Amino acid sequence: MNLNALWAYANPKKFIQATDRVLPWISILAIVSLVVGLVWGFFFTPEDYRQGSTVKIIYIHVPSALMAINAWLMMLVTSLVWIVRRHHVSALAARAAAPVGAVMTVIALATGAIWGQPMWGTWWAWDPRLTSFLILFLFYLGYMALWAAIEDDDTAADLTSILCLVGSVFALLSRYAVNFWNQGLHQGASLSLDKEENVADVFYYPLLVCIAGFVLLFIALVFLRTQTEIRARRTRALLARERMG
Amino acid sequence: MVLKVSDLTIARGGIKVLEGVSFELESGGAIVLRGPNGIGKTTLLRTIAGLQPPLAGRVDADPDSLVYAGHSDGLKATLTVEENLMFWAQVFGKKEISQAIDSFELGRLVNRPAGLLSAGQKRRLGLARLLVTGRPVWILDEPTVSLDTDAVAMFASAVRAHLARGGSTLIATHIDLGLPEAKVLEVGPFRARAAEIDDFDEAFL
Amino acid sequence: MIALLVRDLRLAMRAGGGFGLGLAFFLIVVTLVPFGVGPQSELLARIASGILWLGALLACLLSLDRILALDWEDGSLDLLATAPLPMEAIVSIKALAHWLTTGLPLVLFAPVFGLLLSLPEPGYMPLVLSLLLGTPALSVIGTFGAALTVGLKRGGLLLSLLVLPLYVPTLIFGAEMARRGVEGLDITTPLLMLAGITCGTIALLPFASAAVLKVNLR
């Protein structure tokens, strides 16, 4: 496939037409894989010998945490596309992804807390990963607040995409800084969350299905929200033109 | 020719306001822009001054020849008249401010903080800034706001002296400046036609 | 460029509050902390370096909206943008002026405030050094935030929301360096990291600030 053909979807009308066609399928696929993955994970996997049934929250926790980071990466890419090629749909897609990513971050934090309570005996610990996610959530908040605060759409798109760029660098810096900082406090991470390594196959396959479900859900939500943003933008443009006479 | 505007299309807040604007400004020439409020005179001047990019068309001018004066004078209330002028002179790499002070009769006020000036005096100080920059092409947006009749005459004579030195100016204004030598450019005919609603394109219109 | 710096410093001195306000805020934070956590000097000694870093950060934050907003309101920014100065130079000078009026006084007075919080003896040098290395980054990042929010009527709160997450790495390494100093540990690693972040910020962020400011001026 010619990659250049992809740019055709930068046209709002084409984008809406194309996403309208695929949106039902993606939504159905997302629901199916989420149901399958979660039911499989919750009811048809053995209980962990150490963690008991609490381990099953992994099927929400890990996919949401993955999407929290990937949503920001997607915003970074679409912001770059906006800066370089000035496609409005790209900027609006970044705008549409932000609340989804923020909610994913909250889900990851909340499920992490629910999991952590019985495991560590505390809802919250200043573990590097937890802290990084809290900081990521702050970045999402700032990004969305900036979009909301600026009236002119193109100005908002420019400013937020530069913020996304700068924010990405600082988020990465923060990630390493937090690692360093906590080490300095606790002398090695006693509350390690490195579970990917010790996840057994029985847990692994339903987890993969759940991750796929979350990815599809994210794509469906972003498509839907981008459509909404495009229509809202069109409404604003029409209203503005009416005022101009 | 010091400034050439060709087929310029400009937008304000994402909406096209003027299109196909073309004119030339000669050395020693003056052009007065006229048109109703909201037609886009300020946007046009800001585009020419390089503060915002045009949608289409081009502005040909030596970027080191233009000086822009907008609705606000950029004065600091706690600095004196002299300090304000001196600052702008230094920013533009100049040191000489006495001629500007004389031209706008600010001599008695040099040591007064700009915050204590009247609105008209502030405007005169703002216009005196144009002289200290030493740049030949003045881009002026409503320069005579809050000036009384005498001060308008003062402004007109400063402009005339500037033109006589080979400078030129582009002025957006509503009142008669008493500059018969200036060409008048009506902006109205360049008003952008609204795009078709069915044309659902990048601009969302 | 020097003219702009001189003007900004002169304005800060004349308008009052330029130099004093940040320091006074710092003093108030330092005064309030013992009321909040209790007057035991062992406890204060343990948290002193962190409190001082937080106080410096908040004092810095307090004055950020003044970096560009005043020049925006009176039209100076428009005129500066059309002057023969690159926008990157303008925002860098603005950040420098902010640091000279806010960051540098904090660095100079930090030992006095450390005294108030019974900061242990070996902690003074690392604290002052960490503030000296870290506060320029705070000013430069703050200028970026100020450039983002310059056109907004009530940008103050938004400015804090945007800038504070960006302050995290600087705060972590700065405070860590000061804390290690107090405990008599090796400070080389946080020092290098802090210096690296500050240098990188000073070198690169003005380009982002300038781009953002140009967008806001259109």
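By written order: A, B and C. Residues from 1 in each chain.
In this text, contacts are C-beta pairs under 8 Å (C-beta built on N, C-alpha and C of every residue); 3 or more make two chains touch, one makes a residue touch a chain.
Just so we're clear, the structure is a prediction, and the values are computed from it rather than from any experiment.
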Checklist outcome for this item: Set A-B beside B-C; more C-beta pairs touch across B-C
Item to check | Innermost chain by mean C-alpha position | outcome: C
Checklist entry - How far is the middle of subunit A from the middle of subunit C, if each middle is the mean of its Cα atoms, in Å? => result 32
Next on the checklist: Suppose each chain is reduced to the average of its Cα coordinates; what separation in Å results between subunit A and subunit B?
Outcome noted: 48
Item to check | Chain centre separation in whole Å, for subunit C relative to subunit B (CA means) | outcome: 37
Checklist entry - Mind pulling the subunit C residues that touch 2 or more other chains? => result 218
Next on the checklist: Residue numbers of subunit B touching subunit A in their complex, please.
Outcome noted: 13-15, 17, 194-195, 197, 200-205
Item to check | Residue ranges of subunit C touching subunit A (in the complex, touch as defined) | outcome: 144, 148-149, 151-152, 155, 158, 161-162, 164-166, 168-169, 172-173, 176, 179-180, 189-190, 193, 197, 205, 208, 211-212, 215-216, 218
Checklist entry - What residues of subunit C sit close enough to touch subunit B in their complex? => result 2-4, 7, 10-11, 14-15, 71, 73-85, 217-218
Next on the checklist: With touch defined as at the start, can you tell me which subunit A residues reach subunit C in the complex?
Outcome noted: 135, 138-139, 141-142, 145-146, 149-150, 155, 158-159, 162-163, 165-167, 170-171, 173-174, 176-178, 180-181, 184
Next on the checklist: Going by the contact rule set out above, which residues of subunit B touch subunit C in the complex?
Outcome noted: 46, 49-53, 64, 66-79, 83, 87-88, 90-93, 129, 133
